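Each of the next two complexes has chain A plus one other chain: chain B in the first, chain C in the second.
Moving on to the complex of A and B:
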């Protein structure tokens, strides 16, 4: 008898807990959504309306005019192309080098395995603003060596290289963690069958890395796509800058039409949202797979 | 390199390339080029507009097109991307592979880079402009360390008290006759009594309130003291400087309370919405009033900041000068110089004007009789001043203005009682700065 009562009490407590958690999550979901929704709301209003009646006023007109204007003014396709010219090679190279690195530090045991891994991840801890000045000098110096200053500075190559270098640490870290969960026996049997090091990596391990590769490629594409800093400091020519900088076109030196900017921002954010929704499953499964296999 | 070698540009650019290869790149290239003075350059020119906004780019493109039509020389124009990022990264821009000509600002921001050998000497070109370039602008563009000019002044705007004629009329106030500080206080009180903000302030950006500080300093201590202070020859801890802050404190009760939450455009919006009386600001945003309606534009007015110390009267004003500079490191320095000179000339200014530029021009040949009433008033406001300042962040070294003075004034506005502590901190920060190279 008493057991049943206890069960009921336990169930009630569980229910109450669930309720609080739901409320908690709802509040946070709301807090996360507000800026997005507010941006969207702003993008529908004309600037003149806001100037005349204030930001919190009841709108007199709601339309998509800002989107049309922003589209016209941003040269969106040119900048979008630039973004992908940078993002796609970066992601492929980062994943390739990162997986090679992770492969070596997890599948083979050297004395300095751990230090190597640390070295690679430590790079991520440096703020980019700190790396920027020496990197700039280095790019110019290398350019002068071969007689073409624009070899790395103000070029896609330079931008891709710096992204690969900075993102590799994280990629290595994630993939090596995942690789540790792949049973040693697989590697042992591969070696027993006489697989070379590269074959071991390419035909045995790499196919097993699909989940983290998928997750990382989604994450990194978004990161590189949203990146602003390097594109501003290392690219001098406006026609080589990525989409994030096209938003600057909607800003005046002194005066900014925030409604127009909001429309532009939403358009610029669309590709990342699309990537996320299309690859959501990969994204989530990649994260969870890694954690349950241990 | 985007510029292909053409005709007689060959030899020079080859020389430049050789110099760059030999590691003489930064400085060597510049001097080599300026030595071949009178050579007419015909190679294409690249041009960076210091803006990314629609009107600004349109005007810059119009300049490029008009130059091409007149001389047959190709000019490739590009926007700078985010203006602030461009300004912050100018040293890297100039050390890398800059465009030949770029829009820039006179004062410290030019002279500092000139001393580093990053800008081409434009003294010859200024001389060529002759009487088109008024004395005041030449002296404003002159680098004190070598007496040469590295920027060709094009446009400028005054800092003054802006207000709406209609608001003042409704309140029964007459801002045209605020000759003294007492008159000004009466005006502020009057505005506040009617439920409006007396002295609009938005200092989120950290630079907006510098305008008020500078004008108070030149009104109380004079122009020379102000410039000496900004260049370390007077101290922030001097009683004269503290007096300026104390005077500033008298304005705080008339300000809107959210002055650290809004930027300069927040102030403009207050004026647009008729929620404030006076607003101390540079008058570059008059076009926003025009965008709202012609009526609003006609309602806008500007007067000089009132006199405080009769010894100095109203003899100084902040009127930052914008212009064009030529990168010593560019691919076609000689061609760049000629284009820059042309932009500063009557022909260039007419082209900009035709493209919708409403600024005040430095060039003396331009006919001002066509100016609208507001622009004429701006000229009048500048006209009565003897000394022209370039605004605090251009009259002072950059690593002090933005990083120390800006936050210090913000702290002061929050807690005016702490003025002694604040000026101590400022002086300490100044003393700790490394000497300029």
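Moving on to the complex of A and C:
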């Protein structure tokens, strides 16, 4: 009898606790959204209105005028295009190279496979600052050597290549973990049929890699889109800047009109937010494929 | 026996025709070349350059400096100690506050409280934003004319109080902003790990009368060992890598110096100083521990 009473007491206490936890998490979640909501709110108001009537004043006008102005005056569209000119080839090349590496190191037992995998994964974790100075010089020298200084420095090609070289480690790691879960028999039957290495990769393995490829492409697109360091150090011309690094400059130029800047920031954030809401499952599994093995 | 072994060997050798060998060489060679030339050779070159004087212009100007750059950093650069202190604060804050908060949130949301799906998305949102956007958003909150300024009673731009340049509070402010993103990131990783923990383990613990905290500490936490390691490593590496947010908030003025920024300001621009290379090497030496720890965790089965 007393056991049941105690049980009920325990459950009641747990229920009360759960209620408080839920309330706490809900409040915390609201606080979490405030910065973004505030930025959005700011972007809907004209600057003159805020100056005249104060930050908390009831807005006299609420519209998307700041977005139109930002679009016209900040070259947002050009920067956005630059971002995707960099991100799309980077993701395709990274996944292509990563899948090649993952295919060879998991399907063929060469002695150096593990060392290659270690090298690639470690390279992905290095602080980028360690690579910075010599790579920068290397780009300029290679450019001068062929008589075109902007071959790699201040060019999309150079930016794409450094992203691919660094991100390949992560892609290789994730895909090789995934490939270890694909039974070896599938490969064996391909080999018995006398398929070449290329056909083995292209017709047998690549179709099976669809889930990690989908997840990685979503995750990496947002990563490269958000990348900042290399875009700052390798791109000199303003009209070649991806949007994230252009924001640094726009911030200085439009510091006196932050309602306009708010509209610019929201527009810069929009592609990743859209990707996230539409492809949330891929985004999350891309991250977790890398952190929990297999 | 020997014949089967031998025939196996010949079969294997025959399996690689000339074309196949070429394909394999390309499959491995092209990515490896790109990775080594773009990442490892520059990394090693930086280590070499950290022992030289060089303005970064022409190769013939390089002069051997021995440990002089490191000597300058350790004995004549107060900024270095500021940066080291700031990176340490960052690391401590992330390890002791932000990461545990992320884990706690993940644990509670995993219990399927009402609306957990919505909360999940809310906490993820900062994770998909770039640190540049995050920096700008928080300037709207804290800068002149921002929400926080108004709440504190300084809504007019001219009367705004300095927050980012106030040395008593700016460390907490920056770490708070960084946590906005980090907590969601950790929560995301932990939540995925928790979903793979067998729920019957927890039910059994509950039937045995274990409290929530006991269940977490004795049942869930040990079952999450690989994820725990990875989260610790990510926390440490992120704390050392920090750069973007500081650049957006302070530019290159080193208003709140960190190691990553000191590398940048010494190398970027017209005249480079190899002090920057030495800073990069220090950053690298600090990163080795978490990197090795990570590699050992994820490749343990392969090596054994």
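One rule holds for everything that comes next: the second predicted complex is superposed on the first by the 194 of 294 C-alpha atoms of A that agree within 3 Å, B and C clash if a C-alpha of one lies under 4 Å from a C-alpha of the other, contacts with A are read in each partner's own complex, and residues count from 1 in each chain.
The criterion applied here is as follows: a contact is a pair of C-beta atoms (placed from the backbone, for glycine too) under 8 Å apart; a residue touches a chain by one contact, two chains touch by 3 or more.
Source: prediction; values computed, not measured.
K.L.:
When the two structures are overlaid on chain A, which partner does A:144 contact: first (chain B), second (chain C), both, or neither?
P.N.:
first
K.L.:
Which partner, chain B or chain C, touches the larger number of chain A residues?
P.N.:
Tallying touched residues of chain A, the top partner is C.
K.L.:
On the A-aligned overlay, A:233 touches which partner chain: chain B = first, chain C = second, or both, or neither?
P.N.:
Touch status of A:233: both partners.
K.L.:
Which partner does A:84 reach: the first (chain B), the second (chain C), both, or neither?
P.N.:
neither
K.L.:
Where does A:245 make contact in the superposed view: on chain B (first), on chain C (second), on both, or on neither?
P.N.:
Both partners, chain B and chain C.
K.L.:
Touch test for A:48: chain B only (first), chain C only (second), both, or neither?
P.N.:
A:48 sits against chain B, while chain C stays out of touch.
K.L.:
So, A:202: does it touch chain B (first), chain C (second), both, or neither?
P.N.:
In the superposition, A:202 contacts neither chain B nor chain C.
K.L.:
In the superposed arrangement, which partner chain does A:73 touch: chain B (first), chain C (second), both, or neither?
P.N.:
first
K.L.:
Let me test your reading of the model: by the given contact rule, A:29 touches which partner, first (chain B), second (chain C), both or neither?
P.N.:
second
K.L.:
With the touch criterion stated at the top, can you tell me which chain A residues are shared between the chain B interface and the chain C interface?
P.N.:
51, 54, 133, 136, 232-233, 245, 248, 251-252
K.L.:
Considering only the defined contacts, which chain C positions touch chain A in the complex?
P.N.:
Listed in rising order, the residues of chain C that touch chain A are 15-17, 19-20, 23-24, 27-28, 30-32, 34-43, 45-46, 49, 56, 105, 108-109, 111, 113-115, 118-119, 121-126, 128-133, 136-141, 143, 145-147, 149-150, 155-157, 180, 184, 188-189, 192-193, 196, 212, 226-227, 230-231, 234, 237, 240-241, 243-244, 247-248, 251, 259-260, 263-264, 267-268, 272, 276-277, 279-281, 283-284, 287, 290-291, 294-295, 298-299, 302-303.
K.L.:
Which residues of chain B touch chain A in their complex?
P.N.:
Residues of chain B touching chain A: 1-2, 17, 20-21, 23, 25, 50-56, 78-83, 85, 89, 92-93, 95-99, 264-265, 269, 272-273, 284-285, 287-288, 291-292.
K.L.:
Please output the residues of chain A touching chain C within their complex, sorted ascending.
P.N.:
14, 17-18, 21-22, 25-26, 28-29, 32-36, 38-39, 42, 50-51, 54-56, 97-98, 100-101, 103-104, 108, 114, 116-123, 125-138, 161-162, 164-166, 168-169, 172-173, 191, 196-198, 201, 222, 225-229, 232-233, 244-245, 247-248, 251-252, 258, 261-262, 265, 268-269, 272-273, 275-277, 280, 283-285, 287-288, 291-293
K.L.:
Please name which positions on chain A make contact with chain B in the complex.
P.N.:
Checking each residue of chain A against chain B gives 48, 51-52, 54, 73, 133, 136, 140, 144, 147-150, 153-154, 232-233, 236-239, 241, 245, 248-249, 251-256.
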